[in-house]
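Read the structure below first, then the notes.
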Amino acid sequence: MSGNSFGQLFRITTWGESHGPSIGCVVDGCPPGMALAAADIQQDLDRRRPGTSRFTSQRREADEVEILSGVFEGTTTGTPISLLIHNTDQRSRDYGAIKDQFRPAHADYTYYQKYGIRDYRGGGRASARETAMRVAGGAVARKCLLEGYGIVVRGYLAQLGPIGVEEFDWSEVSRNPFFCPDAAKVPEMEALIEQLQREGNSVGARVNVVASNVPTGLGEPVFGKLDGDIAAALMSINAVKGVEIGSGFASIEQKGTEHRDELSIEGFLSNNAGGVLGGISSGQDILASIALKPTSSLRIPGRSLDIHGNPVEVVTTGRHDPCVGIRATPIAEAMLLLVLMDHCMRARAQIPDFDAKHPRR
Amino acid sequence: MSGNSFGQLFRITTWGESHGPSIGCVVDGCPPGMALAAADIQQDLDRRRPGTSRFTSQRREADEVEILSGVFEGTTTGTPISLLIHNTDQRSRDYGAIKDQFRPAHADYTYYQKYGIRDYRGGGRASARETAMRVAGGAVARKCLLEGYGIVVRGYLAQLGPIGVEEFDWSEVSRNPFFCPDAAKVPEMEALIEQLQREGNSVGARVNVVASNVPTGLGEPVFGKLDGDIAAALMSINAVKGVEIGSGFASIEQKGTEHRDELSIEGFLSNNAGGVLGGISSGQDILASIALKPTSSLRIPGRSLDIHGNPVEVVTTGRHDPCVGIRATPIAEAMLLLVLMDHCMRARAQIPDFDAKHPRR
Amino acid sequence: MSGNSFGQLFRITTWGESHGPSIGCVVDGCPPGMALAAADIQQDLDRRRPGTSRFTSQRREADEVEILSGVFEGTTTGTPISLLIHNTDQRSRDYGAIKDQFRPAHADYTYYQKYGIRDYRGGGRASARETAMRVAGGAVARKCLLEGYGIVVRGYLAQLGPIGVEEFDWSEVSRNPFFCPDAAKVPEMEALIEQLQREGNSVGARVNVVASNVPTGLGEPVFGKLDGDIAAALMSINAVKGVEIGSGFASIEQKGTEHRDELSIEGFLSNNAGGVLGGISSGQDILASIALKPTSSLRIPGRSLDIHGNPVEVVTTGRHDPCVGIRATPIAEAMLLLVLMDHCMRARAQIPDFDAKHPRR
Amino acid sequence: MSGNSFGQLFRITTWGESHGPSIGCVVDGCPPGMALAAADIQQDLDRRRPGTSRFTSQRREADEVEILSGVFEGTTTGTPISLLIHNTDQRSRDYGAIKDQFRPAHADYTYYQKYGIRDYRGGGRASARETAMRVAGGAVARKCLLEGYGIVVRGYLAQLGPIGVEEFDWSEVSRNPFFCPDAAKVPEMEALIEQLQREGNSVGARVNVVASNVPTGLGEPVFGKLDGDIAAALMSINAVKGVEIGSGFASIEQKGTEHRDELSIEGFLSNNAGGVLGGISSGQDILASIALKPTSSLRIPGRSLDIHGNPVEVVTTGRHDPCVGIRATPIAEAMLLLVLMDHCMRARAQIPDFDAKHPRR
């Protein structure tokens, strides 16, 4: 319950609206004895931050995180870690028309239908700004997983509208504002985004995330499956409309002989499973892929209704990303990190020899 | 926790192995005062039952469900409903070779790695047999949702390997063993399955589920989103490798102007969102689609290891479906039903005027 | 949620009514690799069983437990353990008057007010019969705790109405039907119960439970405190009206110098805390004590209402315990066992060196 | 899991240490559409605040609460409400000796044993300061319950060490710093506290809480019982060693004829049950009583160990309450409020006609 918490043993609870004074999260369940500083978290936040390139929203947020509890003299104590970011550029302005209008394909309509009230100033709780705290919580998990098990989670933009990635080089991902692993595609992507900015239109994207050095044995039958929890985690990210594990939808046309990952003494011979068999990690890389829809904050007018039920034409001005997928990579990584950390703890709890099999570093 | 429970307020807990004496589930949280008989549940179980056509596993199970608690004189009491099915055809035989071998792409390997023990007699807890109890629990939810809100959940096979559906007629779905809505495609599907049976191979499938008459306001920001919970529910079904909501992966190449569902006084003009905006139901049909991988129980030998680490060739004999997607439709429906019932209860709990807006029938 | 489950990581879900065909529970989260047979569970069930002495209800139940899942070839597999007991002596009879009457101080009234329906045949879900499954689940926890950590949980009747225990000898507890550690008091207790049986009246009791060899570090601040969870566990037992940890209500009149348990190199010098400081186990024995009210199933008429709101005189005939506390000892033990097992798993999950500090046996 | 959250549907998550920069909580699940201002919460916080009389700790905290999210233009939005209080008087000083010593009967020892680290500056997370946020969360519940159902929760000090209350007048409770309903006893209490302050000693207390206008039907069998959850809530308060519902431990010596609350057309004729039958509210007042131990922060030296295992004499200086029970009344009220709010929501979720029976105001 309480829709704003995620995880069973390693649990984050996020709060805050796009245009309120601050946003934050509480990380509960973190193991004690780990060195943790704001800088460890800032690193990931900086990768998600808006306003860092001309291809994303020009909202300027320092996104400086403060640790308010749970860390004593630089070390985690095992008690809840409270993280807070002040909203600095929530820009007071006249919301005029938008105040009473439902922007098409936004949560405006459903929030209003459900709660009878909505924060019209910028998406409120449904704003992508909320994802900053997922990234912050994920950064804590990242440190736990790396230091505890050597697990590494990385992601990249695999497709931007019609532009798919062809060459793959992890080291390219951090060299461009798209998290694109194919340097040759970056100019195409730049051109597409610039064109969309001129048109006032947007486009969708695909982001892939990969976890390496994952211990075998994470995940529980039958409703606590690792892939089930990954699906929940990734589908809960704003704008995500699809999730795949391993070969995903391509499995439909595969034959069994093609899909099954045969096993040799050198290990698995392929990874159609995406690192999960029967809901439990196999030790192979975890592979997940998500589809992000094109944002609906467009300068091109769209038909909609106002809160009184009258038809209106809605135009969204303001600072919006022409492709929300561009900044989604650190968010998808964060959600995968949170799932893995939770399941490492769940597996340690139940399996008597889990530590013996997967000694902490 | 406890990976064998699903749902927060309307919760099922399933138990039992493919080759044990029985399987069962406990449905907790069901509203009191509803007429409920075993026949209400049997109806859905019969749709999932193996051995009903020559295209699915020939295991013969009556799958007769018993209600052991929670119903008094034909009416639910609000206390836990215990459902049980005896396994009648678990066929004692010599497991010989398979006993010590990991079947490629099965949960054998990961269960053994995690638990250090596995029930080698037929998948144990990872067997598709477990899904019978999801269907049973889903049938209780189905009755609650229909009687309470008029919500209807239906599903169909949208693709079998390379064979996609072209014509759509709901009334065809129950007329063939594939849950196929396109009568013209049924002979092609029959031919494909027969060929796979001869080859000892298998193929994947796509199943779609649709919920109609859904109230607005189901789902919670930000981790209790309706689509996030649907993703978890569907990805937890055996063999599922991908989940889409609405236009799903097609959203990647859509432009914002194309994807956004405009709103008029007659309602939404399209349904790319699949009935969910910002994680909350919009009142449109909920549309979800899943990819099922080809089963890995093949007569064509595959490379693998035994539990001692020696390379082996594995051949799976026995009664297996050449396409697990064929029987997946009632299971996918059940999972969607469980999510919707849970969220109806969650919305009623928090929203003071939920009942006023969505009066129970 | 789902009021019929207890525990986070080691979780039991119970179901079944006093007069239904059977009762049962699902134990989810049990570690794999432990030898488990029905006899291990039967042992504890036999201690709670009615009809074993002339001082308790004469309902005759074999209470033979069956293990339906989760154990393969005598070893737990880590998957849910389903336990079932058939009700054999639910005695069909004419419920006549009682059918429409609320027995004073019973759950009849509140169940009817809440659910609008009640199983009038013997308490339904509110019957003490439900506690059999707590004992069954607790027996599984007992084995895990003993084999994993050497933890031992024992209980005894400390007071029966006005008769308090003076001498204390653990070995006496199993030698009389009262679980009384003071042999000299047994004849007094027998006389009191016989007198109450003649009068058709009842009396309350106090039961104490003690856990020994408890590792330090069980329990979580601030709402997952070990004593908070013990309080919930014990207060959830039928008829319990009070729970104490350590010196309990006597602490009110203690001075700080008297209450504080000083610490020396030989260990703590007293145990007013009852083994818990700040919600976390200190390694001392856990001491808890409960008050059980006198049962309200009396042959002496009492004023009440019928379901139509008319005043009635209610007489409860049938097979009832003149003191429910007599059979409560194994139930209280079971609840403490469940809490400790859950917290051992929770501590292992979060604390990196928990196993190093408290090696499993 | 995540020991720092309480409640299923109305859930608070608290964070923060006594000597950190701030403390806070997140209230998730609050119904939308309710007017809420900081002043509504401040009211209850001011009742708990230290430094308001010479009988409690002289720590001076303004305890001014800020609402950081979940309220838009003065109205709750249904999204998480983040509350924060800055610590203003955490007084930097030399912790010298205490830094390496375990204060007898404090959580120092168990935190160190569990986490391998502790915040020695003032109890850290185990400090009574944490309870401020329970009061804050409880204040939100108080407003929901009063406006929704007319439920009122009040508490009072029933006993201070040996001094019990004899006369009872609700209106006296707010007129003295002890929350004592018997004006005649106040001078005795003052004298006792002053004497303890001189001695450097402390004493225990009893606090009672009462909920009025409670709807029937709150609470769930068998582990979600209302009294079970109340017990967990109250036992989780610092220093609480015992919890009673209704006649509590006095039930032990009662006979059934005396204990059972007979029912007439005018209602119940007594309230030994404390408003709960079979775990479900009966509509009578909910009565709960707690025992608080004498604080162990004493100026009288006590034997203990340091973290290296050497025997030491510990003297606790600083600002401590000679009786923590004096300020416990608002905290106990808060915990009862949280339980009742959670259960109102749980009952609304499951019971189709709950609103019809208990219309919201």
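Here are a few things to note about the model shown:
Per-chain residue numbering starts at 1, and chain names A, B, C and D are given in the order in which the chains are listed.
To be clear about the criterion, a residue touches a chain if its C-beta (ideal position, glycine included) is under 8 Å from a C-beta of that chain, and two chains touch if they have at least 3 such contacts.
Predicted model, so just to flag it, every value in this text is computed and none were measured.
Each of C-D and A-D has its own count of C-beta contacts, and the greater count is at C-D.
Among the other chains, A has the CA centre that is most remote from the centre of chain C. Chain B and chain D have CA centres that are 45 Å apart.
One simple way to say how far apart two chains are is to compare their mean CA positions; for chain C and chain D this gives 26 Å. We define each chain's centre as the mean of its Cα atoms; on that basis chain A and chain D are separated by 38 Å. Annotation for chain C: residues 1-5, 8-9, 14, 29, 32-33, 78-79, 114-116, 125, 221, 346, 351 touch two or more other chains.
If you check the complex, the residues on chain C that touch chain B are 1-5, 7-9, 11, 13-17, 20-24, 26, 28-29, 32-33, 68-70, 72, 75, 77-82, 114-119, 124-125. By the touch criterion stated above, chain A contacts chain C in their complex at residues 1, 8-9, 29, 31-33, 78-79, 148, 221, 345-346, 348-352, 355, 360. Contact residues on chain B toward chain A in their complex (touch as defined above): 1-6, 8-9, 14, 102, 104-107, 109-111, 113-116, 125-126, 130, 159, 161-162, 196, 201-206, 216-217, 219-225, 227-236, 238, 241-265, 269, 272-274, 276-283, 291-298, 300, 302-305, 309-311, 346-347, 351, 353.
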